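Per-chain residue numbering starts at 1, and chain names A, B, C and D are given in the order in which the chains are listed.
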Amino acid sequence: MRTIEGISSIGANFRGIDSVVESGGLFGIWNHPLANKITYFGLHALQHRGQTSAGIVTKDENTFTSFRGRGLISHIFDTEDKLEKLVGNSAIGQVRSATVSDQADDSNIQPLLFHFNNQSIAITHNGNLTEALSLRQQLEDEGAVFSTNSAAEILIHLIRRSKKNNFTDAFQSSIEQLNGGFNFCLLTDDALYGAVDKHGFRPLVIGQFSNGAYILASETCVLSSVGAKYVTEVQAGQYVVINDEGYHITNYTNSQKATLEPMEFIYFSRPDSDISGINVHTARKEMGRRLAKERPTHGADLVIGVPNSSLSSASGYAEEHSLPYEIGLIKHQYIGRTFIQPNQELREQGVRYKLSVVESLIRNKSIVLVDDSIVRGTTVRHLVELLKGAGAKEVHLRIASPPIRFPNYYGINTTHTEELIAANYTIKELNELFGSDSLGYLSVKGLVDSINFDKNIPDQGVSLDAYTGQYPSDIGDYQNEFQESLTPLQKKIIKGEFSDE
Amino acid sequence: MRTIEGISSIGANFRGIDSVVESGGLFGIWNHPLANKITYFGLHALQHRGQTSAGIVTKDENTFTSFRGRGLISHIFDTEDKLEKLVGNSAIGQVRSATVSDQADDSNIQPLLFHFNNQSIAITHNGNLTEALSLRQQLEDEGAVFSTNSAAEILIHLIRRSKKNNFTDAFQSSIEQLNGGFNFCLLTDDALYGAVDKHGFRPLVIGQFSNGAYILASETCVLSSVGAKYVTEVQAGQYVVINDEGYHITNYTNSQKATLEPMEFIYFSRPDSDISGINVHTARKEMGRRLAKERPTHGADLVIGVPNSSLSSASGYAEEHSLPYEIGLIKHQYIGRTFIQPNQELREQGVRYKLSVVESLIRNKSIVLVDDSIVRGTTVRHLVELLKGAGAKEVHLRIASPPIRFPNYYGINTTHTEELIAANYTIKELNELFGSDSLGYLSVKGLVDSINFDKNIPDQGVSLDAYTGQYPSDIGDYQNEFQESLTPLQKKIIKGEFSDE
Amino acid sequence: MRTIEGISSIGANFRGIDSVVESGGLFGIWNHPLANKITYFGLHALQHRGQTSAGIVTKDENTFTSFRGRGLISHIFDTEDKLEKLVGNSAIGQVRSATVSDQADDSNIQPLLFHFNNQSIAITHNGNLTEALSLRQQLEDEGAVFSTNSAAEILIHLIRRSKKNNFTDAFQSSIEQLNGGFNFCLLTDDALYGAVDKHGFRPLVIGQFSNGAYILASETCVLSSVGAKYVTEVQAGQYVVINDEGYHITNYTNSQKATLEPMEFIYFSRPDSDISGINVHTARKEMGRRLAKERPTHGADLVIGVPNSSLSSASGYAEEHSLPYEIGLIKHQYIGRTFIQPNQELREQGVRYKLSVVESLIRNKSIVLVDDSIVRGTTVRHLVELLKGAGAKEVHLRIASPPIRFPNYYGINTTHTEELIAANYTIKELNELFGSDSLGYLSVKGLVDSINFDKNIPDQGVSLDAYTGQYPSDIGDYQNEFQESLTPLQKKIIKGEFSDE
Amino acid sequence: MRTIEGISSIGANFRGIDSVVESGGLFGIWNHPLANKITYFGLHALQHRGQTSAGIVTKDENTFTSFRGRGLISHIFDTEDKLEKLVGNSAIGQVRSATVSDQADDSNIQPLLFHFNNQSIAITHNGNLTEALSLRQQLEDEGAVFSTNSAAEILIHLIRRSKKNNFTDAFQSSIEQLNGGFNFCLLTDDALYGAVDKHGFRPLVIGQFSNGAYILASETCVLSSVGAKYVTEVQAGQYVVINDEGYHITNYTNSQKATLEPMEFIYFSRPDSDISGINVHTARKEMGRRLAKERPTHGADLVIGVPNSSLSSASGYAEEHSLPYEIGLIKHQYIGRTFIQPNQELREQGVRYKLSVVESLIRNKSIVLVDDSIVRGTTVRHLVELLKGAGAKEVHLRIASPPIRFPNYYGINTTHTEELIAANYTIKELNELFGSDSLGYLSVKGLVDSINFDKNIPDQGVSLDAYTGQYPSDIGDYQNEFQESLTPLQKKIIKGEFSDE
């Protein structure tokens, strides 16, 4: 990095349990003469997965070059010359949404780049290791010096301390020790590596260019954006090694159990991506249709979706009931990274800046408002108020996924029970809190059937912990926190004593 | 201005006839303690009308403060302190899309601020004076020194050379001399002024806050964004003076003739704005419905709109024929101001960055693609190719407005005949050029009826010159250019010898 | 200019009488293929004449390109590409120290660039027009619109309103109307112009390259810095036209009377510059020698100069009395433009940041401290304190020029009587105020003889108004201010009733 | 760090033997309420020791805050709020001149900040470990992961791998393992540490404020700049622990042998600093006087010093021979960090930008040009040419230190024999190469006597390796490089077969 300017304020207690939670989008490419630019456009197509920082490392023979920064990829690489300095035929890159605890610390911006007397390694990852804290403490007790706050660095220490004779063996024996949800992407002098956790919580796909070069990416939408063809997925419990001889996938564990994170379908992925052959837009539209069947609305005049992630399910809902689907909420296109937000005084004045209502559509109408999911409930409460303020006669909230009632420990930032409104209230109570005229969620079965994965495996291969509190794997260092923060409602759900589906 | 850093390269022939063409959004506020912030959020709500530059001038007693810059309003005011330095209770501001000829010259960024020994004047405008060139030349021959390339400065020179005894009289006598399409917004020590050309090509509305303060704005969507109520429009041939005693509207001419620019409905305005009581989204949906009736598509599987301005008309089209309306094109949300674009090599590789197709929706389907209008034809040709490349069986292009066949001289950047593809080709020829399976435009009558203005005035108060070549007023300095550049097709249309409606 | 970002806060009373006071360094070049770079290095060699803003305009045929900014020339042109965009064989440029009243307004950064239907003009100047205010008011009353706060724009208005048939005649008739102290440098499609006021308050020299190209510059030190040879000076009441046929000097007035501003020798100019054949360092050293003769110091141990402008005179003083000349004050080399200054608390703590004392040299010594001149007296008071605090036994202040007792209206920022400490106190009183053990100034005769200009003209061609209150020319709009602000001491001096030489 | 944006290009062979060479200035403060600001002004006073990067880490209880950047300290902290974010009563900071090999890598900018589960450590250093390469390789072989290229990180790894029970013991046992020249400054939760290598190649002083707070600094000039009093030096083979109970100095080795790097007197330190009680300016003046005695110049007209480090010795030379001391070379004050340098074409044109000659002083004169030392010889050759080009009759070069003939491995960037011109040529040959009329160096004895340290220890406690090739301690990893690069002249000198003193 050429310029470091900034404030890093980190106390001795900085490694709070959530600090290593990562989300984001990964990209890797091996042996393509346009590696830097394809990585740039690949990350651009993954930008929806993270907007707070990004970076690219390229490899030219055994010389590695890194460029990282805060903000959008188009902001970080604002001139072509920055991209052109990233020389080499192979690269990895990442876009990321920083968690609160590491926002102040640029050393965590990925990819990380390490140099040793016998090799260099660039690494990036998303997800969360459930034993990050205890693993790190154990390593430090053995003399390890960490320079970042990242799970990726834990993997590097494990690899370097491995007694295995070659890098691939050291890599495999190291990821075997990791639990939680993760995708790793590594670039060494000799190969590009990609690894997926034992549950395959989020996708990692392999693509190929007409010139034979391979890429790794978090979503298939990248493939069409950069002109590559789909090859296959790296599945739960697998890693891939890509080098000049092609790609080679290895099962590194026998305990793999595919449980995809459903938010990939509900919210994270771009509508034009496919996951295990299922198109995201199509699945969302189906969620809308099933929601319409499960939770119909009588006497509604029109259906509105919350832009942009709920537009597919809203049109599915409208179509199922032959209701007009309208563009009733306008999302402002020009909200910059450092946008000045209206203060209390201005908000009281009536100043709005993110969403506008098409008042003439709404006035005196009974509205079905479809949203994809509810975490904190702040936005949805604001939207109901906005629509009612614009003259809506009735607002019927329909949520195209089940209530999120339990925290996630595999890499999604819904770690804390207190931030999950549905962990504390029943649907009936939520309807009152939101001020809506009715509130309906999609059922867990409805969600699973809308995605329609392999019916022969448990839960059709979807992780339902957020709705049921049944975690597909040990939650490691989080066990105490989980137990201590359980709400009465959560306790009842776990015991099977409550359901408001 | 505190820092000026940049390159301004302007030759002696810099004042090409199109150089004073302006588009953009205006805002003005009188006597509100939050003038700076409300202007900021007001301009934010007008951002869709111009993204290349913006500025605000505030007035505190007789002290005027100005802040202007390139880019989005949220980029220019990236910290609150910049906004807080703009002290005072009254303000004017502008967002603007620079024309090619003035992109290099920051002195044209508005509002302009002038100081005289007896007063200060801040001014901003949009539109185009059809006699800007001859007026300026005449003023320079009389010794005038221009510091910008802007029509706004012409008005200042006229005002300062006027022999009238007071500012309002000087202002009125000056705007009487101006022809073309324009809205002006001026802030003086004593009042806020707004003026509209004799034809009212584009709207200017007055709003009021609960505390009594007035605002002027280019669109009604501003009103709900800042919490103000609609009062009235400043109409063709009128100007308004807003001061501590309220607002006062004057008719400055007897030759007014309302002919609204239809692109305000078709493309420019935000869907939640109303123009003369007609909602933009509703008018667009009606254009889609009438287009469906006029140009039906047999055997189509689904309807897709080009995001974002064509989504309303596309849903209207789909609804009229009970076809599924689908989100088949994804517009990338994160294209920054200084985005690195793929070069030829990457485009050949297949790299795309603005729009993605949801391939699984499109494959083997017969598609109706609705776009709002066609100027150059480049985008629509690319879209047909994209859809066919994604496996679409048929692509039927439907355009929710008539063919644009004549240049505009009143403030829209469609000044040059050579840039208008429909000035050169019939619809049948265009269909072949675009590679579409069929091509249908909305008729002129269909457009006018969709907007549905006052039926008692000619053309229902809509300017149809772009379609017919019949200009509602003298085109002044452009007369020669117009005549010399007429294509054979344009000549036939003017003579009434051709129509392919 | 490409980006304008900043705050410009200017009230209706912004044109205070001092607002057009300009200092700075000018540069012009005609017909050299490296015009942009030579102008850059030429301005770099003039940087000591002004550090707050700078700019360059180049001319390529009839295309003019401008780049201006705040700060040092090396800060404004921080990359070569900015310089390379300034295409063309001819150029003018300026470095400037902004006066307080225009610091907030970037539109005043020079060169100014004007475009007319029949020509373009770039202009820059230094100095001050004594009738700027009345001239501007008269022009505005006739309808002129000013876009800056600069005397240069007044000249442009005069030229454009002139009825003369060609530009040179219009230029000559316009500068004939101007009084005060000024150098102008203009670049038009056809020629490079340089003009000097009727008194020649500050120098303007012509140089020539081996390839025949000419330059204009404020000091001869530029010539050796860019590799050009001295040709001649443009003298009082002259202007020069440089074009492809060479240079041509014209006397535009018969009332010229050479009275050089002595601060050019005392403080402004670089030691390696010559003015009318006299070297600045040599003149300063002579001032030090004559000061030593006029104001000897008995029992002094060593001589110290205030870095950097007093080092020459200090070594002259030391040499005259065979005292050791020592480097007793260290000037910090790294004080940046935006340096954070110690607040009151830190100053009380003892924090210093501009000058350090070599304590071991000073302790228990009797010091002669030589400074070039005293304006406000703040620095010299601080220095005496610093030396005494470091253990100096005695501090004898010796000032190598006479007491500045009257304001300057010809372009130096000593406009206000209240800022001139010697306008209010006798030398004896000043000695007490400064805390020095003795205080001695160079006499007016000593100054004039040190410079040693032509002995055949009054005051040897040096302007002595700062010391005597006798102004060489009418002070125009400043007459009232001057009379009203006269101190009792000034009144006595004017009447010849007081002298403490 | 808040923003990381930049290019880091480092190959697998990036840890070349010179890559860990560090110079710079250190500062530390314990328990002062103005720690951030005093550190800022302290580093400002050390700015001459390094201009490429700087940083500060403050400690507030157990929260550490870091801000680092490229360029001058006043550039990095360009606004007060950046400084104010550095909260806490204790701090360490550094200014540094990056070596070529780490210029591209911001991770090396100091202080480094490490967090462990049981403590945080901030660290900064200057100097060079002669066994850095072998130590690092050994640590990496044991599984250590390095994130920087810095000797400071080696110390951290040693400390963390130490089996000692408390931090101070671990620290002591770690520095005992280090050879070479170094000063370390560490800040932990409990104390401020400072350590000096066994030879005390460069100074580290302790100062105290009136409120009792202690500081550590590389030079005494800091003390007067921040208002602190001198306490003592940390000497060769010692470390100091400063905590709330005061300061405690420990001898960590019995093999200490004081050999100060003489360049501290000759070039590095500020003239107002004292080293072991000897003032730098006074020592330099004495070097000039002894040089005058050893190498007189017959028939010289005047003496000139190369600004700024040679001005003291030049005035000593002049005084010894009663020759006039003149300011004949002007150093440009305004050379920015990113200064555009003249290319070959401009240099041929005669463009100069760093030093100007006062031609009228030089012309036809016989000049003594005093410089402090010669490394590559490029500058001195250029200066002779410049003076001759300005008309000097004769130029007699006098160098106020002995010829630098051997590389330094203890922290000065004169590591490579090929860069030392005097390693290859005799003084007689150098005189011809430089084009001077005579060339004289100060003798080794003259240097040692000018500094005048304790006469009772070998070489009076000054390291003479640069002149003699006799290194005071093992040069570790550099042994092979040293032997292989020996020039014939160096070989003769080592064998005692050549001397041209």
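Here, contacts are C-beta pairs under 8 Å (C-beta built on N, C-alpha and C of every residue); 3 or more make two chains touch, one makes a residue touch a chain.
The shown structure was predicted, so the numbers you read here are calculated from the model rather than taken from an experiment.
Across the assembly, the mean Cα position most removed from that of chain C is the one of A.
Taking each chain's centre as the average of its CA atoms, chain C and chain D sit 38 Å apart. Between chain A and chain D, the centres computed from C-alpha atoms are 50 Å apart.
Rounded to whole angstrom, the centroid-to-centroid distance between chain A and chain C, based on C-alpha atoms, equals 62 Å.
Not a single residue in chain C touches at least two other chains.
Touching chain pairs in this entry, ordered by label, are A-B, A-D, B-C, C-D. Residues 1-15, 61-70, 76, 82, 85-87, 104-107, 109, 113-120, 136-137, 140-141, 143-149, 153, 156-157, 160-161, 189 of chain B touch chain C in their complex.
Listing the residues of chain A that touch chain B in their complex gives 34, 37-38, 40-41, 44-45, 47-48, 51, 72-75, 77-80, 83, 209, 221, 224-228, 270-272, 274, 279, 281-282, 308, 311-312, 315, 319, 324-327, 330, 332-336, 338-340, 342, 345-346, 349-353, 356-361.
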